[in-house]
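Each structure below is given as structure tokens.
After this come two complexes, each holding chain A, first together with chain B and then together with chain C.
What follows is the complex of A and B.
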């Protein structure tokens, strides 16, 4: 890593990515690195951590291309629920969840599936939403299934007719579950293709979702 | 035969959507049922569901409009089944029911036998149960139209 960057940056990123999400943590860290070390620091940061954290790498490349904030299409995500009265969110991107909850009508029930490959204090995560979001677990989320319930999962970039999702989405959306939820919504939380091999993520077809929400409207 | 998990190319979703529109007026509800019937489960079942629903839709169209029937509105719910320990609150149902009237008629008025028939039609996986419900609903309409024509002729 560049001498201008703290050597503990990777450790810090790894510590917060679980509770913020890969893209959200990426934007936080990239903007802070840029504030302290400029574009040269962002490039060094991406070179050092990008292979391990491909979403962070893609965010850094977006920054170097001139983008300064994530694209959060909360309205598109809400529109895609298509009449659902409850949504179960699979995966975590804190910036997107903040925007989604703020824009959601009061009558929409929102649950978050509490399962991540990183250590997460889930009570702290939902405490950010003042009672609007409750927790569900992998062994019980089907209790919120129904003809007016939707699943919404975060995806990372689109290439052709494919996208990448956290492995949790593949664990959740089995043949049984597909027929238990009205809509299976994917929401692109990244908005660009990844330049490095997207390890930790699973490739799926965009057409496996009933609705796919782009990063922009 | 298409690859496992891929729907046959001959499936025309818009055609089935139009056939089911009188039965499921809400666009989102109907899209959910159409997906369960044509896009979920083994590919050959998706194809079979399409063929049977399309032909039944053609039959109903051929027989023409039928008089409104209050009996048609009496339906047995198609249950959305989840593991028992997750079945909290009110029972979950798909937004398409199974008409009771043709089953009661078939059972010579025996409600118990008709209930057994309904259970047989809706006990399988969602793609079977919903396709069965839709087919019975279309057959019910066709039978009513045929009876009306016979009575009028």
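What follows is the complex of A and C.
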């Protein structure tokens, strides 16, 4: 339990964070570091990469506080979408998306907005969902708008009445778009506040969503 | 006059396209046009006669096999196999490199090299990022992968252009080529593995970390967690390929069902399994660049052949004051070096004309398979000698790999050179060794 941390962990995390998601990749890395280097290793890992990847830092702190797996409130997300026949997902968290797709009724259409600040093989992302998820792009996602359509975006932690979301959410949810969808659902994929500057993310009010789903039920 | 001018156009065009790969299409199409003009004005042959001599069958095979490769690629087979290869290697840099090198050899023997590389390299580069590799490891592993790609392409008559040309031109039958070339290239692969992973041992300076290994395996598993091979696509493609192999091997020549017809019908049958996807592949994914380059090269080679130059080269080799076997060795060495300088397409297209002459006095199997192996050696000499080299360079640059110390890792002409020189020597030895053995045994 005392393996030295390799010097290339930042490069390794950056290689997969786009496709797995900041929190999902964080849990994968933290659990492996813990398995080989113990809590000391997790602490060192958070100190080394935390400033660059605040979600990873928060996941590491959760691990050190005793949590051993992410909380995935797929039921809560589905409840918030009640009445929608199609959902457009903004952002990517593979563990949460897997849980959501597995729990979603077959008649619910699921699209994923293909836009990330990190490299992503989108063909592979949708191939993981056996035809249940299709891709939409920023210039055409409004084709899915309508009274039975909803937007679902991943958020990272809540502090007071504020939360953090990927900048893409802010770009998508303009005044015109807000009126075109049945509901704008935020889903906390982290479950704790971030302790460092929220790089890669932007702050919004929780009340900007029509529904906000916590990490736990 | 005619022979000199047409040869000058061919050589200049080949040299220019090698020097300016970014302008390759423009250079070769212009060269082909000039060759037709010169040939017509000098009375060597009219353009219609040159066009009639172009081996269209080879182009049909090339396009059909390319489409079949795309179908197999769309089935996600290669991605799933790459993920399994990673799991099998347990994130160990040495085993990872060996497994991927062997896998690339097998894959490129069935689909074209560019498709194989495009599908596997992004995954491998991601793995390199996860593992944190050194410059030396990157150079030798990617180098070995490219050479394995070339060897796989030469292993079967459908693997790469030089072998396709032999099949399409009727120089060799499908099974005749396969039973000779597959074992020879397998020997070449074994030699490559021994030299790179037995002697050079590129993994020696990679910082081994159980954390990196474990994360690599888990991360790749996570990326492919629910990805499954699309059997509805793979099965028809595989069945079509098997049917084509059977037809190439079993149909009697007297029937007149030539390899290109088999390929054409086989690929079309496979495409019928997914009409919508087929239409997309036909409209957008045919490798127009490869087809145009080869067409232009064929036009120039036909013009030069009609001027009688290749016959003179053959006679010059035959008049060398050495034995017939020695002449064959000189020919194979020349083919290897010329391919290294001018790349595989031009090298093979030009040297095949000379090979036809040599095959009248030497066992054809020794000449043609020896030529294919020498072209393979030449393709492995420089990073620019095969189209897969610049592609690997571009993908590696885009991946922005860093060493554990943070220095950027490169894979360019100079980095590849030691791998290329060693591989060229090794495969050329296999080529000459094979040819001498074939002459001795009368294959």
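Going forward, the second predicted complex is superposed on the first by the 214 of 217 C-alpha atoms of A that agree within 3 Å, B and C clash if a C-alpha of one lies under 4 Å from a C-alpha of the other, contacts with A are read in each partner's own complex, and residues count from 1 in each chain.
The working rule: contacts are C-beta pairs under 8 Å (C-beta built on N, C-alpha and C of every residue); 3 or more make two chains touch, one makes a residue touch a chain.
The model shown is predicted, which means the values in this text are computed figures rather than measured ones.
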Original post:
Clash or fit: how do chain B and chain C relate after the overlay on chain A?
Top reply: fit
Original post:
Touching A:180, do we find chain B (first), chain C (second), both, or neither?
Top reply: first
Original post:
If you stack the two complexes on chain A, which partner ends up touching A:60: first (chain B), second (chain C), both, or neither?
Top reply: neither
**OP:** Figure out whether A:12 sits in contact with chain B (first) or chain C (second), or with both, or with neither.
**Re:** second
Original post:
On chain A, which partner touches more residues: chain B or chain C?
Top reply: C
**OP:** Return first, second, both or neither, reflecting whether A:94 touches chain B, chain C, both chains, or no partner chain.
**Re:** second
Original post:
Is A:28 in contact with chain B, with chain C, with both, or with neither (first, second, both, neither)?
Top reply: second
Original post:
When the shared chain A is used to line up the two structures, what angle, as a multiple of 10 degrees, is there at the CA centre of chain A toward chain B and chain C?
Top reply: 120
**OP:** Mind working out whether A:37 is in touch with chain B, chain C, both or neither, as first, second, both or neither?
**Re:** second
**OP:** Please provide the least distance in Å between a C-alpha atom of chain B and a C-alpha atom of chain C in the combined superposition.
**Re:** 20
Subject >> Complex contact set, residues of chain B against chain A >> reply: 26-29, 31-32, 35-36, 40-41, 80, 82-83, 86-88, 92-95, 125-127
Original post:
Residues of chain C touching chain A in their complex?
Top reply: 76, 79, 122, 126, 129-132, 207, 209-212, 214-216, 218-219, 222-228, 401-402, 404-405
**OP:** Enumerate the contact residues on chain A facing chain B in the complex.
**Re:** 82-84, 140, 142-143, 145-147, 175, 178-180, 182-183, 210
**OP:** Would you pull the chain A residues touching chain C in the complex into a rising list?
**Re:** 3-9, 11-12, 14-16, 19-20, 24-25, 28-29, 32-33, 35-37, 41, 94, 98, 121, 124, 127-130
